[in-house]
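Shared between the two complexes below is subunit A, which has subunit B as its partner in the first and subunit C in the second.
Moving on, here comes the complex of A and B:
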């Protein structure tokens, strides 16, 4: 342990961790001050920040399971950080507390006045009521935490001994776990996002969230590579242009999939043109009149889809460490904006949506994000100095070799 | 241009292992030959790099055809529903852009696919019923079975029949043959 402190002087990860703790504490302090003035603004800003940050552990879990199932050299470069992210889920459960406390400012079904006035809300109250809401949240977190804990402990064991039986076990758990994860994220999105506009229903919204969260975790794991490579020379050697090419292609795939499922929901609502569905998009600036949210939507369309799409088409761009990690950082910021566009325009404090943007939104994002990053680095350090996951299949070798060829061609 | 050069297609060297082929291809590339090609019964990893093949323009053609397809599709729908025949469908505006997106996407893919296929055929000259290399009997018999070949085109600026032949011999091939036209 003592070598960690001596090392930390020229260790960018340690520096970032300290900055994150400071920024996180400052953000939360601003949030608490804001809470004295406006409960509604505080809790809405908090829900946004918490729900965005939750995407990192859930997406990390999804990527770890995907990699157990598919293998491939790309995953060896990012799986250990993804597993460390997944292991922050218990911390996210603690951070759920303000959401539980602030229900009445967040969800129309938890507001007595709204409930009395709205027949749809009364119909929904058999499912959307505080008791069931909390029980479901407990259920989601129990399943997520167990999945993360079991997979990560087996992966650590495998890292040490390379036991074939663990490999099979991790694959079996991942196959069922991935299905369970998408199902639970869908239900959780109904609870924490969709129920904020009681009249809107979409069965694909949970899948949009799942894809978005996987993308969040993927770009997060790539964006922090410059912080990790100085710690582990093996990782520095491992991240070749061929690996970057694969990671770039995976970002491209997720960006396309996100655009596809997001647009398909808009298209269905647009073609249906039904009065209980369209307000969702009217509140988000897509409709006959442009609002400030239209500007946000256009930003998301441009920088969450078109710009990364065209950059990632180029092999020269995605094989450059600096370009790919910068792009990943930019996409992470766009993920935060996309979740903002998803969550902020709804709310219980004004009858039908149109919550005003709060000055607390950004401090809360930095607050929850900073604290989360601090915990993430703590967990990552406990994994030890080696950050390249052990090879899982013999097919890996073949894939790595093929990837190496692509790199050699470009060089 | 010597008379000898006009009636031969080029020179063909034969090797018995993929490793020998790659080693030879690298030497051919380093010697400055550009109009070269290699033949093997199965894909040999790293051969394209060893030969120093440039990336083709198929990707650019595909991109341009895809963009044309997308713009054409969107423009067609915009013209027909905004200019030529505006029609109120379920209260939506004539420029109902979300409804245009699927077709735009489809025609982008169609344009790109045609661009990739036809661009590839245009650049590589296929289908090609006759190729002089098949005049070499060993090539016809073994190129798709168990031997590895490198051909240097007589049109290569560095090609000089006797010098190139001596150079190929120095790579320790199984054979070097002149390929008649």
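Moving on, here comes the complex of A and C:
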């Protein structure tokens, strides 16, 4: 806390943290008032907000593990914030509570009337039922939290002492961890997103979420750089045009990958034109008749793909701090819109009273997002003032890079 | 020392000598001759099978309704997938600035070309009347014939022909400086003339190099998207149908991963004997084996992710046809093929988690062979099991490949290996100029005086 008071005047991060807490509290308060009027609206808005925000810690964890595996200077600029984001996972577990309470309003399989009428739902009820659903959520979070905690503690230790044995350990954990992470995000997407429309199944949707969440965390970590550079002069020095170029290329890669897998899913569903799949897209405004969702879809197409794609092709644009961070912030907003398009339209064929678009959606997003950001900054501050991750190269690799040292010189 | 991309002690001259000598001075070995005879024989078998097919028609194959896509499509997908590693190594890894790609890109690209040639043969023959292949192209004609643009099979025509063209150009452009080296070092007049023509007047000038680097980078940029597009469209060939076992949204990305998986397995299958026989262990080091093995592990895991996600959703969907297809795939007439594919593609590749398996050429070679078999089985299982029992029991049937199916398939294997064998003796299997560059970059070269091996 002393940190917070002494630096508050010239510390944009601290100012943002306080604003986030205020906005978060206000958003949640509005949500609670809304909850008195419509449980369905509250819970649906909440699920959306929570699921979007969850992408930041999970994506952060993915980026941290990717960086342990591949190395590269780019990761040193964003890995500590990514690890701090991953450490918010226990808070996300606490924030899962409303989802657990609101199952009845969120998932058709939790609604007994629907269950009685629908053969597919009854078939799925061995897997999709409240007990298993909660047990699975507990399992996902247990695995995620342990992964995040172990990796982050080793990374902190490495930051302090540079012990090479930790490098090997972090790489091993990351190799297996990344595998586990993608598998669990896939299952979680089946649970929290896909099961909202029982008749729709897509084998690639978990992969789309994994890519999307990694992109969310990546653009988040880049978008907050302007808040972090005033705190750490070393970081300010470190973020050179070359680093920005690499980060820009990574965003570009993830944007292309996201567009590719999303378009694959659309194309396969479109060409198959089967009655249990196409409604999922019809509910999202993609079909013969334009709806309000069509507008959202076009926005996502333009600003989640085409605009960043063309901007990021330009080396000049990528290498400018202001342009890249602004673009990252814009993409973060588009991520929020994309997840909204993914979650909110579900259940359009279910009875009135189970609502998807609501005045509570934005307050809930700000509410959960604000609280999350507050916790994130608390954790980030505890990492200490240094925000550039230590280079992960072992002595062997240095030798190899220099071309075998002595032997070669002798020759 | 396993971390090195080139063993220490090499200079520009030794690199040039070592690689160019395989082509220019090394006598023809008995082992090479025996292999050429065997693969030549297999190539003759292929020509016979194709000739007979042209004379009689596709009735000599085992394809029939309901399994109208038999070996031809299985082999097409398998071969085109193998080609992908070449493009991945030469274009993707170049753009990602991975210096270790240098010593394996040349023959991986050559492998791509030969694999695409084998792949292209199958759909062409499968047309029934291959001499009308040009009907697949949209050209004005008096028959009012126009391709069905909604079919991914038509996209395939363009994807594969673009892929073949770009791969060929990329490979050839990459060869130019080395062809000049061979021209300068060749002791026979024929060699000098032939390599001289192919080298297109390359003089090693700074201006040449400047333009060359730019052209090469641009070609890499063009080739990189093709790694994804070709096999995505091949995946769409299946996924755009409504058939259980084919209609799955993960198909495009998972086909791409499978292609790279099988491609790297083929690169390792060829590279490991090559480096042993021609003494190239200094250039294709344990680091290369290790990296390729890691890439196989990753892509193999993506493929496994695809399998499990398909099976789980077949059950979850509550769709009886999807679930029947899944159980039939596992326990039906072709069940053994399914379990063999799981063993080859999912179980055995997990040994690559261990470094000892990755850097040991023998174990890695065996794992690579197993993956080659597994990926062929995968396509076999996808094509055959989905078609042989679809929605209506009245239209169920079995598929049995005939001797001509086998002759054509094994014939392409022979033809592919024959091409590889000839390539090794006629063109430098490792890029000489890029290896010199690598020598320079790893600062092993004592002085640029020894630079021009060719002069």
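The rule is simple: the second predicted complex is superposed on the first by the 380 of 411 C-alpha atoms of A that agree within 3 Å, B and C clash if a C-alpha of one lies under 4 Å from a C-alpha of the other, contacts with A are read in each partner's own complex, and residues count from 1 in each chain.
Just so it is clear, a residue touches a chain if its C-beta (ideal position, glycine included) is under 8 Å from a C-beta of that chain, and two chains touch if they have at least 3 such contacts.
Here the structure is a predicted model, which means the values were calculated and not measured.
With both structures placed on the common chain, the touch criterion links A:173 to neither subunit B nor subunit C. Contacts of A:271 after superposition: both subunit B and subunit C are touched. By the touch criterion defined above, A:120 lies against subunit C but remains apart from subunit B after alignment on the C-alpha atoms of chain A. Residue contacts after overlaying the shared chain place A:288 against subunit B, while subunit C stays out of touching range.
Applying the stated contact rule after C-alpha superposition, one finds that A:368 touches neither subunit B nor subunit C. In the superposed model, more residues of subunit A are touched by C than by the other of subunit B and subunit C.
Once the two complexes are laid over each other on the shared chain, residue contacts for A:205 go to subunit C alone; subunit B is not touched. In the superposition on chain A, A:188 makes contact with neither subunit B nor subunit C. With both structures placed on the common chain, the touch criterion links A:84 to neither subunit B nor subunit C. Overlap of the subunit B and subunit C interfaces on subunit A: residues 267, 271, 273, 402, 408.
Subunit B meets subunit A in the complex at residues 45-46, 48-49, 63, 90-93, 96, 98-99, 101-102. Listed in rising order, the residues of subunit C touching subunit A in the complex are 1, 3-4, 8-9, 150, 228, 232, 236, 239-242, 247-253, 301, 305-306, 309-310, 313, 316-319, 353, 442-444, 446. Those residues of subunit A whose C-beta lies close enough to touch subunit C in the complex are 119-120, 123-124, 127, 175, 179, 182-183, 186, 190, 199, 201-207, 260-261, 264-265, 267-269, 271-274, 276, 396-397, 399-400, 402-404, 407-408, 411.
For subunit A in complex with subunit B, the touching residues are 263, 266-267, 270-271, 273, 288, 313, 401-402, 405, 408-409.
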